[in-house]
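Next come two complexes built around chain A: one with chain B, the other with chain C.
== the complex of A and B ==
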């Protein structure tokens, strides 16, 4: 009898706690409403509206249905494929230069005994600089006649390129800017991983007689795989969305001669300067598919688990 | 009891959330003051450029300039009971901002350089009926060509109509540095120079300056953003033209005409007498400084020239010549800012009153003397303030003789296609003929899809 009464009491207590939890659980959803509405209005709705627009010829207010014509127009447009080429060219070189460079810098900083924080701040500074402001400064740094880069090149007897005024060098101007801006981020991420590698592994390797370089190749690099995969994927997504710096340096049509027009700039040019919202929306979806495909490939290549 | 309390607190949270949402989404009040002829009427006016809310210091001249509250005060005094509010925005991204504003019925009056793109959307009020019934509005008060330049096609129009009236003026001209001409012993440009004259003088002034020993360049033109317009003006100077038509269905391009080819060849030749970076808008950094090294600047506008010239004390050094004109005296890009009334405006009569006010002498003087923008009315030519700036006289002349109506493709894909091809020619990627043929082909294909 006594046992039954205790059991009943416990059961009632449990029920009470459960119902209390249920009530409080519901209440917290109310606090999520503002951000949920924000996501719904400013992300979900534009995504579907853009998909709808991609089937219309639209100047913003007047529109008519044209089926897949916008997609056909974009996919057969030389300017679009030129923009895809530019985006990939700049992106690939930014990644294959910045990740190894950032890793090397991070390894050097990690092995220094003094001033680690100073170097971390120093290298991270470009990353916290507005890319728009940085692009404007780079236009001066790479000025064909008054720029410091050409001044140095001239001083050491090397040819001075036209940089942003020459289609054959303008993409490299953007790559230099992109590397400079991103390398600090790569260093910080690599450093975080480097500092998480257990010191016992290095000690064991030292006992086995491994040299510093061997430790770097056989302990450090394999332990960095996850970080490299993360940097590769986030770098790719960022590279494929590139817009701000090329807009500042070359305008919406990627001057000179569309040599630095990226997919983002192509979308901007057609949507916001030409009022061709249907074309811009179709190009946006094509860009989305490209990013999706390449992110999938990157995941497979890097064997990253998500 | 506990359940009741929880219920109350939950309801309170919900009410607060709904109130916050409703506050955020509520439409603005359209009623103004209670007394006077315009009692209860209120308009919102969108303005683009260097307008300031309140009195502030001009960063170029260092002088105190009056804020736009001066206009508000005067307008509300002239229209008892009315209220005018302003939405000020910078030039940066004005097209997309205007599109967003007009889609959400944000203002009654818009300053709208992209009139030709917005009128076909059916979002603007035609102004001819207001002009016809209002004896106070005399279109002759505007500088010649300014009203014609802004005529566009509305959604259902088959001929050009007035949807906007000139508010800020603009023009394109050739500016030059008299000091460099003097140093080289070259005669100043004539008021209406030919391509040959400009080329000859540019060639003479390229090299080491005989007086200072510094490198000088004969000419500079923007090889990227506005290069299409520079080229079109060169064709107009030879009695050629960009093409014909205004509605997309009627537009026929003439981008690879012999005049265009000769114009592009001229630019390619002039590139040899210009600084290296003209295709990336570089090389002219010393222009309007005492160390200037470029003699002739093509396709310049008053906004970047007049105020900085006087602010730098270079008024005796800078000269202005007209761009290339055809046999009728017309040529060069038509530009500026007109005012238009939104179709969705609830107070269109008051909006029209604002347009009249903004295009009259009080507001136009404010625009010139305080903001440093260019007025669009003839009366400005006789103001003391413009006479104190003799450089304004050739600007007024340039404003009266551009190519009108405004190029219908001026902010559409053909403009970017032609610009990119001019750049391709200037950077040696294609010959002049190949570049123009490509621009013609792609622009024609584009316009065919718009029909």
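== the complex of A and C ==
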């Protein structure tokens, strides 16, 4: 009897709290005010304004509607397609080199007993330095006459490319920088996911007599498929937005001979050195749609839960 | 018995082999940094770069570092970067904590839809927003101030997402207990949940710090005033002005720009690596 009345009391208390919570529903919106103010002002408004601008001829002060002319002019412009080509070329090679390389190093680090943490810290070091500073250093590292890379190449009897001074090799210079800077990130992500593979799987394989290499091929790699997909897509999205290092190495027009001008640099050049806001907006929308498609695939693949 | 011994021996040899490989490639990876420091200490490198490359310069001198500090631009850039980064982190983390908490523990109309809106912001890159934001800040005469760099940090979908996930792991019963005691939603948040949020706050600060400190394209667009340049902007303008002349000076400057971050990294490496892994594993 006494028990029952206590239970009733507690239930009533909880009910009271629940109903009170309903009254406080409005309070929750207060928690969201700062973030949604930011979303409206710095996300929603600029996205629509940018779309509007892409249908106008505009230099920031004078505007008039010209329909799809900006898109037409961007899509028929050689320098835009050159920028797309450069962006894709650098991005594709950065990714197909860095992911396998990073994965192999992550696997070795994961399987070594000594100094695991030391290697983690060492390999991640390039990634913590800003890409701007890194580009500044690499302009010298890859210098055709005074750089250490060509010094080593020459010493072991290999040809010494002109790197950033030659349009036919300059993209490779950016790729080398990009691989060097990104590999630490790939290693960290791979390591985190390698350590999440249940050890029972390896133990079972060992009992069945699988060698280390067999375990790597038949257990590790299939278990890492999601991680590879994630790295592939985030890497690709980052590659589509490449700007900082090519700006430092080649300026807004991507010298030499526009050979390293990326889409981001094209947008910057047309928008902020030429003040052709309409053209630049159309170009950003084309890029935005590309990024959106890949981000969407990423969210699907990595199965982010809402 | 014999087979077991040889297996162990094989394992040991393989372990030693792996260690050597990792060490060699690791050193290769940081060679640019080592060379950077070495050239920075070489006064003559401003005229002719030391060739063949040396680990220790022939006549070590702190001349280049002297110039970097005398000139004062780098220190100024550090101050600017510090102001921008601290303010950005402060407002970004605060706003995201509030929103993340509401999305985790709140019960209100439109919660799901609003959270989808937040996730959608993850898909919106900076580039399509550059020109409208430039025009927006221009129209309120805030170009060439720090406001355009700080204010947009108010919204970070990634931080809200990480924060919500963290609060999801904390039990709801804490809330109910606190409210039976008569505390309101804000008191509950500040007194009960916030003190438990230490680990995620640290992660959020680290990520927001990295994003803001390395931000380049947007600051390049809104800051023309040399007095207001952040560290990356100053480095880029120095580099574009001088190209590959003045090797010694450039490398001394690069060293001084990298050093504080590397020191910070060595102290906080565990947390930084964890944060990166967390943001990587959970999306974006």
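Basically, the second predicted complex is superposed on the first by the 273 of 306 C-alpha atoms of A that agree within 3 Å, B and C clash if a C-alpha of one lies under 4 Å from a C-alpha of the other, contacts with A are read in each partner's own complex, and residues count from 1 in each chain.
Following the convention adopted for this analysis, a contact is a pair of C-beta atoms (placed from the backbone, for glycine too) under 8 Å apart; a residue touches a chain by one contact, two chains touch by 3 or more.
The structure displayed is predicted, hence computed values, not measured ones.
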item	value
Room on chain A for both chain B and chain C (clash or fit)	clash
Which superposed partner A:37 touches (first chain B, second chain C, both, neither)	both
Which of chain B and chain C A:297 touches, first, second, both or neither	neither
First, second, both or neither for A:204, with chain B first and chain C second	neither
First, second, both or neither for A:143, with chain B first and chain C second	both
Which of chain B and chain C A:221 touches, first, second, both or neither	neither
Touching partner for A:192 - first (chain B), second (chain C), both, neither	second
Which of chain B and chain C A:60 touches, first, second, both or neither	both
Per-residue contact with chain A, leading partner among chain C and chain B	C
Which of chain B and chain C A:68 touches, first, second, both or neither	neither
Touched partner set for A:158, first chain B, second chain C, both or neither	neither
Contact residues common to both interfaces of chain A (with chain B and with chain C)	26-27, 31, 34, 37, 60, 139, 143, 145-146, 251, 272
Complex contact set, residues of chain A against chain B	23, 26-27, 30-31, 33-34, 37, 57, 59-62, 69, 73, 78, 139, 143-146, 162-167, 170, 249-253, 255-258, 269-270, 272-276
Residues of chain B touching chain A in the complex	6, 9-10, 13-14, 17, 20-21, 93, 95-96, 99, 102-103, 117, 120-123, 155, 223-225, 275-280, 282-283, 285, 411-413, 416, 419-421, 423-424, 426-427, 429, 442, 449-450
Contact footprint of chain A on chain C as seen in their complex	15, 18-19, 21-22, 25-26, 29-33, 35-36, 39, 48-49, 51-53, 91, 94-96, 98-99, 101-102, 106-109, 111-112, 114-119, 121-136, 138, 151-152, 154-155, 160, 176, 179-180, 184-186, 189, 210, 213-214, 216-217, 220-221, 231-232, 235-236, 238-240, 243-244, 247, 250-251, 253-254, 257-258, 261-262, 265-266, 269, 272-273, 276-277, 280-284
Chain A residues within the chain C interface of the complex	13-14, 17, 20-22, 24-29, 31-32, 34-39, 41-43, 45-47, 49-50, 53, 60, 105, 108-109, 111-115, 119-126, 128-141, 143, 145-146, 148, 151, 180, 183, 185, 188-189, 191-193, 230, 234, 237, 241, 243-244, 247-248, 251, 264, 267-268, 271-272, 277, 280-281, 284-285, 287-288, 291-292, 295-296, 298-299, 302, 304, 306
